[in-house]
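Two complexes follow with subunit A in common, the first pairing it with subunit B and the second with subunit C.
Let's turn to the complex of A and B:
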C-alpha cells in the first residue's frame, strides 16, 4: 500500500494495486484450515480481479494514448489530457473518438479497478465475505489499505477525471448508489462484523460520491476520517468478539456496556463518528461530501447537475440508514440486559487490546477538526487546514508545481473544456444541519426500537423485504448464476472452438509437415555423387530461372 | 591481344570437364581433381577479366582461390585417408551409412 501511495505513475500503481490484492487474499485466508476463509479469500481475489482486468486495459490505453503514465508534472497524462481537450497537444485516440470521449472511456476503464477494489456496486460482494479473516485484518484492509486503494487512485488521477463530466457523473452515481444500497443491507444484519462490513462499503460510496461531485478535498477528507473510526470500530468489535468467545451474533450479546467500559466508550466514539454526529470526525467529512454534491448539483445546469442531485438524494437517505444501523449495533451489543450466559460473564481483554482502542478513540473524536468548513463559514476563522494544505500557498508550493493542487482541480472542474460544473451559493452549516438532523433521527429511531432492556427483532416486521435485505438483494446468487449460467456455457463453447478449430489448424499444419518430411527426407540417401548431382541441378534451375525472369535471352 | 571471349570459352570448357568428372567418377581422388579443375576455371575467368579491365583485383582474387584450393586439398586428402582406413577403398559410392 505504501508503494501504491508513492508510485508516481499508473503502471507502478497498478502493480502495487495487485500486490495489495494479493496481501488481502493471504490475510483473509489466514485461517486456511477452516472451510469459510479460503473460499472468502478466493472470492475477494477473483471479484477484485474482475475489476482489475478493466484497470489493466485502462493502463494500456493510457500508455497508448499519451505515451506516459506519470501522475503529476508537466508531462503527466492528466496534464496532456487537459491540453489535448483544449487542442494544444495531440494524442492518439482510438475507435474514432474525439479526445474528450476517448478520455471518458479510458477513465471508466480505470474506474473498473476502483470499483472492484473499493467494493463499489456491483463488485462489492467480496467485502462482507472478507469478514472471515481475523478482525485486525478486517480493520487493516477496510480502514487503511485495500479498499482505500481504489478511491485513492481516483484522487491520485483526479485531474484526468475532472475533464470528463460523464466520468464524474458515473463516479458520483456509483458512489451514492453504493452508499444507499449497502446501508440498507446493514440494517438487518445479525453479526457485528457484517454490519461494519456494509458500513465500510457505504462509507466508501460516500468517498466516491465526494470525489465524483467535485469535492476533491471532501473525498480525501472522508477517506482520512473513515480510516480512523473504521479501524476503531473493527478493533472494538474484535474486543467484543474476544469477550464473547468468538460469537459474533449481536442477538447473543447485550449489556456489555458495564462489563467492558473502555471498549464501550471508544466504540461509541467510533459509532458517533460513523453516524456523522457533531463534533465527531465523520460529521465534518460526510457533511462536506454532501455539501459539495448539493452545491455542485444545484449549480451545474448540464446532465451532470441532475446526476449530482440524484446522488445527493441517495446520499442523504443513506445518512438516515447509517445512523439507524450504527446505533442498532451499539444498542444490541452494549445496552439492555445480557441475553446469553457468555455475555453475562464477558470480561474485557487486557491493555494490549484496549490501548489501540483508546488511541483511535481520541483520534476518531478529534481528527475532524483538521477541516471544519462549516465552522469556518460561520466564524470566518481559517481552520480548514486540509483545504489549505491541498490547495497550497497562493504563491509557489508543491500543488501548483505538480499541477495536482486543489486550486488546479477546481479550475478544471469549472472550466468549459473540463467537467463544466458550477457551484450554487449555500451556507454549508445549513446543509450540515439537515444531514445531522437525519442522522440523529436514525440514531434516535434505533434507540427507541432497540434501547430497551430486552429488545425485539423489529426488522422481522419488514417481512419479505427483510429477507431480501438479509440475503444482500440476492447479489451472490445472481453473480453465481452469472458465472454458472452465462460464463460457463460461453467458456465451454470457446473451449469447443479452441479444440476443434484452433487446435485443428495447428494439428493439421503439423501433420502436413510430418508427412512431407517423411517423404522428402529420402532425398538424403548418403551417396555423395547424388548430392553433387542435385547441387548441379539446383544451380542449373536457378540459372535458367534467372535467365528467364532476368531477360537474358 | 587475345580477345577475352577465348579465355571464357576455355574457362567454360575446363569447368564443364570438371563438372563431368564430378558427376561420373567414383574414385574420391578423381573427385578432388575435378574440383581443382572447376576452381581453376574460375581462376582463368578472374585473370582474363583482370587483363580486360586493366586492374589487379582479379589476379589477387585468383591468388586467394589458389590458397583456398590448397587448403581444400589438405582437408580433402585427410577425408580420403579416413575413408580408406574405414572402407579399405576410396570409392565414394561405398559409404552410404550417413543418411536418413
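Let's turn to the complex of A and C:
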C-alpha cells in the first residue's frame, strides 16, 4: 500500500495495486479451513481483476501514447496530455481518435481499475462478501486503505481526468449513483458488518462524486476523514462481535451501551461522523463534496453541468439514508433492552481493543477541523489547512515544478480545453445546512423507529422492496449467473466442441490413414498371379499415361 | 568449445545413467545433470555476444567447422548462442535438473532408463537451441521427440500409448511439413546463391532480397508464402497454436510429472523459438502480410485455451490448457514486430517455462500424496500440506501475472509491444482482446484452488495425508525463487534478449 501511494508512475502504481489485491485475497481467506472465506476471497480477487483488466489496458495505452507513465513533472503523461490537447505536443493516438477523445478512452479504461478496487457500481459486489475476513482486516484494508487505492488513483492523476469533461461526468455519476444505491441497501441489513460494508461502498461513492465534480480537495478530504471514522466503526463492530461471541446479527444485540461504554461512545463518535453531523469529521468533508457538486453543476452550462446536478441530487438523497441506516445500527446494537442471553452477558474486551478505538474516536471527532470551509467563509479566518496544503505555495515551489497542485487542477477544470467547468456563487454554509438537516432528519427517524426498548423490524413493512434491498438488487445473483450460468456452460460447450470436432478431425485423419492402410495391405496377399496381374495393369496405366502426356496419339 | 563439451558430456551422462543400477539412478542422474546446469550458468556469466545470430551479430561461444558435403551444400557443425538462445539454454539445463529431482518420488520402476532418457532429451535440446546449421539443427529437433515418446509411452498413465503415439505422429508430421517448406525455400528458391544451409547465411540471403527464384512453377513471392505457411503450421503444432493443440492435453495428462515439466517448460518453446528464427527472421515481409491472421490466431489461442481450461476437472488438464493460452501471448508478441513485443515474447518463453514447470510439479506433488488429480475428489489440502499449497498458490498467482513475478514482466512487455505495433492493423483491439485472458486465467485457477486447497479437508484415502517429502518440495521452492527473481529483475535476461531482438525490428546492428 505504501508502495502504491509513493509510486511516481502508473506502472508502479498498477503493480502495487495488484499486490495489495493479493494481500486482500489472502487476508479475506484467512480462515481457509471454512467454506465461506475462500469463496469470498476468490470473488474479491476476480471482480477486482475484471476492473484491473481495463486498468492494465489503460496502463499499456498510456505507455504507448505518451512513452512515459510518470504522474508529475514536465515529462509526465498528464502534462503531455494537456499540451497535446492544446496542440503544443504530439503523442501517438490510436484507432483514429483525436487526442481529446483518445485521452477520455484511456482515462475511462484506468477508471475500470478504480471502480473495481473502490467497489463502485457495478463491481461493488465483492466488498460485502469480503467481510468474511477478520474484522481488523475489514477495518484496515476494506475500509480505510486498500479500497481507497482506487479513488486515490483518480486524485493522483487528476490532471489527466481534468481535461476530459466526459470522464469527469462518468466519475461523478458513478460515484453518486453508488453512494445512493449502496446506502439504500444498508437500510435493511441485519448484520452489523454488512451495514458498514455498504456504508463503505456508499462513502467511496461520495469521494468519487467529489473528485468528478471538480472537488479535488473535497474528494481527498473525504478520503481522509472516512479512513478514520470507518476504521473506527469497523473496529468498534469488531469489539461488539467479540463480546457477542462472533454473532453479527444486530437483532440479537441491544442494550450494549451500558455493558461496553468505551465501545459505545467511540462508535457513536464514528456514527455521527458517518452521518455527517456537525462538528464531527464527516460533516465537513461530505458537505464540501456536495457543495462542489452543486456549485459546479449550477455554474457549468455543458452536459457536464447537468450530470453534476443529477449527481448532486443523488448524493443529497443518500445523506438522508446514511443518517437513517447509521442510527438504526447504533440503536439496534447499543440501545434498548438486550434481546439475547449473549447480549445480556456481554463484556467489553481489553485495552488492546479499546485503545485503538479511543485514538480513532478522537481523530474521527477532530480531523474535520483541518478543512472547515464553511467556517472560513463565515468568519474569514484562513483555517482551510488541507486546502492550503494541497494548493501549495502560490509562487514557485512544488506545484510549479510538478504540476500536481490544486491551483493547476482548478485551472484545468475551468479551461475551455479542459473540463470547461464554471462555478456558481453560493454560500457554503447554506448548502451545508441543507444536508445537515437531511442527515438529522434521517437520524431522527431512525431514533424514533428503533430507539425504543424493544424495537420492531420496521423495514419489514416495506414488503417486496425490502426483499429487493436485502438481496442487493440481485446484483450478486446476476453476476454469479454470468459466471456459472453463462461462462461455465460456454466453456463446457467449448470443451465438447474441442474434443469432438477439433480433436475429432485429428483422430479422423489418423483413422482414415489406418483404415486405408489396412485395406491397401490386402493387395499384398501373397498370390503370385495377383502380383503378375497388378504388374501388367500398372505397366499399361503408366504407358497410357506417358503416351497421353507425351502426345503420342 | 564449451557448448560441444556440454552436449557431449550430457550424451555420455545419459549413457552412464542407463547403465547404473536402478537404486542409484535417481542420484546419479541428478548429480550428472548439475554439470550442464553449472556449465550453462557459467556461459550466462561469460556471455559476450551482441546482436542477432541470424543477422550478422556477434555470437558467443561460437564453433564452426565443415562436416561433409550433401547435394551441393556444405554441412557444418556450427554452434553458438546469442541473446535469444542463451536464456533458453539456461532454462533447459535448469528445468532438467529440477525435473529429475521431482521424479524421485513418482518414478519407481526402470529408473536408470528414465533418468537416462531425461538426460538424452536435455542433450538434444541443448543441441537444438545452439545449432546454427540447418542439418544439424534438424537432427537435434527431431531427436528430442524420441526420448519424450518413450517417457510418455513407458512411464505414463492408463492411455499412455495413445498419447505417446499421438504426440509423436502429430508433431512429426508437422516437422515434415516444416522441412518441406524450408527445403523448397532454400534448394528451390535460393538455389546456388548459397553454399551452406547455415541459418545466418540463409536468413541474410533471404533478407537481402531479390535472391529468390521461381520454383516448381511458383513465383518467388508465392514460393515464400507457401514456405512460410508450411513452416508456420509445422511450428504451430509444437507451440501449440489453437486449433492445432489437441495432442497437448492428452500428452500432459498421460505423461509422468517430470516429462510434463520438460514438455511444457522447454519443448513447447521449440515451436516459438523456431518460429522466431525461421518465419519471423527469415521472411519478415510475408509475416507482415499475414499479421492480421497471426495476431488473430494468437488472441484466439489465449482466449480459447483459457475457456477450455475453465471447463476441466483434472488439475493437470487445467495447467495443460493454460499453456495453450500463455503461448498465445508469445505469438502475439512475435507478430507485433516491435522491440518490446518480440523481446517480451522471448522473455515470456522463459517465464512460462518456469511457471508452467512449477505448476506441473506442484500438481505432481499433490498427486504423489493424494493419488488423484480430480478437482472434485479433494478439498482443504492446505490443512495437511501447507508448504506445497503455499507454493502452489504462489505459482498460480504467477500464472495470473502477478507483478514482481516473471509472468507479469513477460505479459506486460508483450502487451506494450503489441499495443503500438504498426504491423498488426487495429493493434490495440487485438491486444485488448488477448488481454482478457488475464481475467479468465484468474477465474479458473482461483476456482480450482478454492475447491481443492481450501475449505474443510476431505479426501477419500485410507492413509494419513501429510506433508510432502523434502525432495518433492525443494524443486518447487527453487523454481518459485527463480520466478520471483526474474519478476523483480527481468534484466537478468531481458537486456540480452533486447539486444538480440533489436536488429529484427529495425534497431541497430
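We adopt the following convention: the second predicted complex is superposed on the first by the 485 of 553 C-alpha atoms of A that agree within 3 Å, B and C clash if a C-alpha of one lies under 4 Å from a C-alpha of the other, contacts with A are read in each partner's own complex, and residues count from 1 in each chain.
Everything that follows uses one rule, which is that a residue touches a chain if its C-beta (ideal position, glycine included) is under 8 Å from a C-beta of that chain, and two chains touch if they have at least 3 such contacts.
Here the structure is a predicted model, which means the values were calculated and not measured.
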Identify the partner contact of A:510: answer first if only subunit B is touched, second if only subunit C is, both if each is, neither if none is. second
Once chain A of both complexes is superposed, is A:542 in touch with subunit B (first), subunit C (second), both, or neither? neither
Report for A:38: first if it touches subunit B alone, second if subunit C alone, otherwise both or neither. second
Which superposed partner A:529 touches (first subunit B, second subunit C, both, neither): first
Looking at A:424, would you say it contacts subunit B, subunit C, both, or neither? Reply first, second, both or neither. neither
According to the contact criterion defined above, which of subunit B and subunit C contacts more residues of subunit A? C
For A:521, using the defined touch cut-off, is the partner it touches subunit B, subunit C, both, or neither? Pick first, second, both or neither. first
Contacts from subunit B onto subunit A in the complex sit at residues 19, 22-23, 26, 31, 92-93, 95-100
Touch list for subunit A against partner subunit B, complex: 521-522, 524-529, 532-533, 536
Which of the residues in subunit A come into contact with subunit C in the complex? 11, 14-16, 18-19, 22, 29, 32-35, 37-39, 41-42, 45-46, 49-50, 52-53, 56-57, 60-61, 63-64, 92, 94-95, 483, 487-488, 490-492, 494-495, 498, 502-503, 506, 510
Can you tell me which positions in subunit C touch subunit A when the two form their complex? 166, 169-170, 242-243, 245-247, 304, 307-308, 310-312, 380, 382-383, 397, 400, 402-404, 408, 412, 415-416, 419-420, 426-429, 431-432, 435-436, 438-439, 442-443, 446-447, 449-450, 453-457
